[in-house]
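My structure is below; once you've seen it, I'll send some questions.
Chain nomenclature is as follows: A, B, C and D, assigned in order of appearance, with residue numbering initiated at 1 for each chain independently.
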Amino acid sequence: MNKRKIINDPVYGFISISSDLLYDLVDHPYFQRLRRIKQLGLADVVYPGALHTRFHHALGAMHLMGLALKVLQEKGHLICETEFEAAQAAILLHDLGHGPFSHVLESVVMPGVEHEAITLVMMKDLNRQLNGRLDMAIQMFEGTYPRRFFHQMISSQLDMDRMDYLNRDSFYTGVIEGSIGADRLIKMLDISNDQLVVEEKGLLSIENFLHARRLMYWQVYLHKTLLCAQAMLTQILHRARELTLSGHELFATPAFTLFLHTKFTLTDFDNQPDLLQSFNALDDNDVWASVKGWASHSDPVLASLCTMLLDRNLFKIVFYNNPPGEDILNPFRERLIASGLTEEHLTYFLVTGETINWAYAKEQDPIRVKMKNGNLVDIADASDIPTIEALTKIVRKYYVCWAKNVSLRG
Amino acid sequence: MNKRKIINDPVYGFISISSDLLYDLVDHPYFQRLRRIKQLGLADVVYPGALHTRFHHALGAMHLMGLALKVLQEKGHLICETEFEAAQAAILLHDLGHGPFSHVLESVVMPGVEHEAITLVMMKDLNRQLNGRLDMAIQMFEGTYPRRFFHQMISSQLDMDRMDYLNRDSFYTGVIEGSIGADRLIKMLDISNDQLVVEEKGLLSIENFLHARRLMYWQVYLHKTLLCAQAMLTQILHRARELTLSGHELFATPAFTLFLHTKFTLTDFDNQPDLLQSFNALDDNDVWASVKGWASHSDPVLASLCTMLLDRNLFKIVFYNNPPGEDILNPFRERLIASGLTEEHLTYFLVTGETINWAYAKEQDPIRVKMKNGNLVDIADASDIPTIEALTKIVRKYYVCWAKNVSLRG
Amino acid sequence: MNKRKIINDPVYGFISISSDLLYDLVDHPYFQRLRRIKQLGLADVVYPGALHTRFHHALGAMHLMGLALKVLQEKGHLICETEFEAAQAAILLHDLGHGPFSHVLESVVMPGVEHEAITLVMMKDLNRQLNGRLDMAIQMFEGTYPRRFFHQMISSQLDMDRMDYLNRDSFYTGVIEGSIGADRLIKMLDISNDQLVVEEKGLLSIENFLHARRLMYWQVYLHKTLLCAQAMLTQILHRARELTLSGHELFATPAFTLFLHTKFTLTDFDNQPDLLQSFNALDDNDVWASVKGWASHSDPVLASLCTMLLDRNLFKIVFYNNPPGEDILNPFRERLIASGLTEEHLTYFLVTGETINWAYAKEQDPIRVKMKNGNLVDIADASDIPTIEALTKIVRKYYVCWAKNVSLRG
Amino acid sequence: MNKRKIINDPVYGFISISSDLLYDLVDHPYFQRLRRIKQLGLADVVYPGALHTRFHHALGAMHLMGLALKVLQEKGHLICETEFEAAQAAILLHDLGHGPFSHVLESVVMPGVEHEAITLVMMKDLNRQLNGRLDMAIQMFEGTYPRRFFHQMISSQLDMDRMDYLNRDSFYTGVIEGSIGADRLIKMLDISNDQLVVEEKGLLSIENFLHARRLMYWQVYLHKTLLCAQAMLTQILHRARELTLSGHELFATPAFTLFLHTKFTLTDFDNQPDLLQSFNALDDNDVWASVKGWASHSDPVLASLCTMLLDRNLFKIVFYNNPPGEDILNPFRERLIASGLTEEHLTYFLVTGETINWAYAKEQDPIRVKMKNGNLVDIADASDIPTIEALTKIVRKYYVCWAKNVSLRG
């Protein structure tokens, strides 16, 4: 056997693929596709280094899972080899169902279909191909495996998914203030009463983790310029679909054409065996190649939006504490019409939206701290420090995006 | 003016864009295109983090140029603001003429056209648009500006281009042994007799730089697996063009179609004003989107090669100290024919090539060391250490790449 | 001139000494003494890497001052060369008056004398030696220089002192969660109305800075084990002085002997010219060499405490939300007496104390944010986020330290 | 059991102490003493960050040993828990016998006694105290344990000692070009025929390791300024001993006094049980405290040298390719006499010496590479690259150190 099993990773140094099953999963076309899907979609309009892929993130999460499981083993918890591998497999595959530009594309071409659901469809398909070797991994992913903590390590407010993506996004954006100290966090993990918990001496580390997460939301995921670019891509896709459905001829890559013509539901994935292959053929390149093709389309709305996005001539944005009413929106409309837009095109160049930053959702499955006396306490109650409480507040903002410098071509 | 002028960079922390001209250059579609062209082409088949773009590299090189010029100013050399900006502009634009997958694509669709030549065409076009504001930058780039050291900082064995790409490639691949210590190198730069030189106390730093460069060649640029992937993409492009020219219908993105049908020369760029725009529309996404489209083409050779590349089912490679003769090649041929290939298809699945690793070319414009007594000496003579001498040797290897696991589809 | 002017620094890469005056200051015995005084005193009992000195910190603060002043210059503020050098000199010298183990030693041998006061005495003495070349630096340090922001950069809640020590302490302890992102913070600085301010887009950076500061207090400066070691050294010094004053013979280094025999006041420093030289001769080595000598002293209290500290057999600690009363202290006393201590020795093995963690003191000179509309606002009011408010709370805790495993030798 | 078992380390993040025996060893006064002995002695005169201790280095080497053993286990080599712990114990204790300022002090106060020999005395003493729990560790250390590779991991040209100290010294000096990529090196280790070997694909990593080692010698261990400071301390100790032996009264710390009066041999350590305790009481603080005391001694030679060292008014140095003869030395002598020195004092202010930089000693136990065909080859033969050959050359230089600015006090 000469399978390559060590992968260079600027974030962790090296990532080891520690079993044949894991190697085969990484090798599978479903997983290789993730090489062509960027983790942060359009974020490189703000952070030119943020080009890392879901492929790399999934490997990183698998790596952290391995570290965490070893910590738990060293603290005396019995985790057998099969469980170890299943947990690594589950986290490795947890993002399989993501399409390109995730929420942007999904909202237009597959509204209502959550990527977690597609992930499960794909995992089950893989499981069939692998003759059931993913049975336990799927149970852990779905939360039906008896030992609950495995699911919490895959999906909770302190899972390996978050740890890797915060770490990795902080690293590649260069927003070092968002660094979460994953190394120390992981050393503080423990299991109590079958739940994933944090040792009391890890309290400050958790606090720091939640702060870093909140900072990453403002600084990266909800960055003004990124919201603008996302709004633009969303409107591009709406327009492209509209033109397609109304019979206009429109260049698109083969993989993309199908999804521009039809809105699919989750049931379609079950009923049409080919659909999964089509979905698997879709990645960032299809979207960019199509947008580039559309930049010279005869429809001035589509062509303008695409050219603006490609040349980074982006929308502008204003934030509000309340949903903006007509009094706020009307001046924007007037300005856009003054610049030559017609009423019917306004909607493509003027967009409203909402952002939510919720560092810690106390109401959900909480982060549990194991006090020195053995008690399990919600992190928000364990800290005698008022800042944690502050992080449980939802911060909601509203915004208006609009094209400041638009001139329709064509 | 509210131009955004500070850019996060994981490598250097922050990069400042320090003048309006530089900002306008960064903002121009010619430069924004570089966002969609990866610096290392296919290298992510080996190093999943190596996704950084020529856009980011160019900014980094501009940043290092700024640092270096400040060091020279602090050492008492007069560099006026116009020169400072021109040198930064020149290095910023030095890779403008790169197409996607640089050497691979150029060798097939524009054989004989060097990217430096296209860079110059584009710089001159930009200069027209900017009413001559790039005059001095172009002189520096071409080497006609009287103060020679500016050109040496842009293009020589110790230029800011190399410093940034070695630094950046080492960082994003995670091959930390390739780190060159740019920070210290730059502090050791000086000018003597109008030439770029290194202070004597920087001798070890230069040695380390040359070693790191050599290591990066073996470990990254000439990595076996990368050579295989490049060989595959080259054969894919050859086949696609062959099919195109022989009249087969072949999907390709609009930007790519033109280049698949015609081989262009440098003169074409001068004679056909539109060609530059077409070239500017071409980026990595066109190649990938086309390769993905071709994976289901009816031609079994094209479809197989594309599927293999997409699923990372790559060629194998063997190295030789001499060009492999028939005695070496024949067994490969027989094996491929045994696996079902016809004679005429052999050439697509069996490739030979040559690699060169030349850490320091003494014969070219040398790296000059300024000894404490003021003398200028070639680095290879300044060092009393035999290792530098060793680095001046050209190390040449030959290889055979072939498809170990091929089965033609269709 | 061949003065060595570039110093390697693991934290910032390189630190440049940019003028002759600064070089002469660094070269002076007053400043060289700081090489022998650790920044964090006893902290290496917890963090073995935390051995950095006040010398290194002072250089680092000078480096950051240089970066910050350049940022301000680039934003159009006129800062002349003399001011630039004076500000760097002032921050370079700001810790000159620190003795070894700062607060611990001061509290015993020079109670009531603040190190800032001695710093000023030493700066003035240096100024005499340098014929007034420090006049402006002293004005900036004292806050009498007309342009207020210079003093704020030397001493305020956002000064270069804090930035460097948080940065550096985080680096050398390995508590990476305490990293403050100084690079970005500094780029956000501005001057408005002669005050040091932060641009609105630096809001999150300031928040992160305050959080990091709070975390460093809990994790490092107020770490339980460090408090224990400090309590032990304090009791050792008390006992040594007591024995000295009561006529026992006691080894001590020449420099230390003087301070063990006499309590000095600030006036003594003015009246006795030699005292400054004696103070300057005192550093960490005197304390450790003496403690080691005392480990074999015939007094069992002194010998036990010293041996315990040297072998890292440390006190234990318990925290309380209120000052511990007799009900809490008595059980400790009984336990210690049961282990063989007499009443009169109790005080050396049972210590109470108080810790304060105050991340942001709104009442003091606030951190000012310059909003996009030009208004200056206190950071606590600028943020619409409740966490900043939380950081303005003083968190006060009380503790009892005691020798869990004591057996008097002798 | 609540033993603290995770230690923050800026170099590796965290170091775990993974067994009770290891914890007890770290806790022992013999090992705690290493907290007070700097790894690089006087190197902070050049690199202010280089204050790390032998304590920290020993922990780091134990950490790397743990990583390396796990790699070997994962490659299928059976290493039982007892062996694992013994190997970690052996490397943890390998520097126990180092005194302060190692070679400098040893050459004066214990000429001919090698620190490895004292290490062994101390390990055996510890073994007695621990009832034989170190039996296997001592066998591994001495090279008598049957499985040879354990000894090679403790002491060879690729041992965990070198890996940690190169890593750590590079980190704390800030000489990042000296970084050896330990992470990757360790992953390439294997065992073949009971020998420690490196996989063929680790060839470049080994080359880089040897280059980094060579660079660290020139840049750090043999740095001109460091050689000067070492020469000064050597002469200080010679003078102090001379004065002591000739009956002058001389302050010294209790621990140091003994060693100034007597020259000890290795046999003394066996015959005098107390000598080990005296040796164990000696650390950097004794030397510095004594040097500071001597700075005001009535002997002008001693006082001058000490003051010069403390104030960093250091000797100058010149290098030669051959041992300097009288023609070279005489001008120095004349110059010193002209500045007021007498003939008999010359020897304290004029010192000659020799440096050796030998990156790879082919003649000694070689670094073995395991080729893909299974053969074991010396690294120098495995590489087809001429640079390795160059590294096997011994580079020898000679120097003269002298006091450029001396004026005898008193």
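One rule holds in what follows: contacts are C-beta pairs under 8 Å (C-beta built on N, C-alpha and C of every residue); 3 or more make two chains touch, one makes a residue touch a chain.
Protein names from UniProt, one per chain: A, B, C, D = HD/PDEase domain-containing protein.
Quick caveat, the model's predicted, so the values are computed rather than measured.
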{"item": "Remotest chain, subunit D as reference, centres from CA atoms", "value": "A"}
{"item": "Between the pairs A-D and A-C, the one where more C-beta pairs touch", "value": "A-C"}
{"item": "Computed distance of Cα centres, subunit B from subunit A, in Å", "value": "31"}
{"item": "Inter-chain centre distance, subunit A versus subunit C - centres from mean C-alpha coordinates, in Å", "value": "44"}
{"item": "CA centroid of subunit A to CA centroid of subunit D, Å", "value": "50"}
{"item": "Numbers and ranges of subunit A residues touching at least 2 other chains", "value": "13-14, 184"}
{"item": "Residue ranges of subunit B in contact with subunit A within the complex", "value": "7-11, 13-14, 27, 29, 32, 35-36, 44, 46-49, 51-53, 55-56, 59, 171-175, 251, 253-255, 281, 283-286, 288-289, 292-293, 295-296, 310-312"}
{"item": "Touching residues (chain side subunit C, partner subunit A) in the complex", "value": "176-177, 179-181, 184, 204-205, 207-208, 211, 215, 218-219, 321, 384-387, 389-391, 393, 395"}
{"item": "Subunit B-facing residues of subunit C, complex", "value": "6, 13-14, 18, 74, 183-184, 187"}
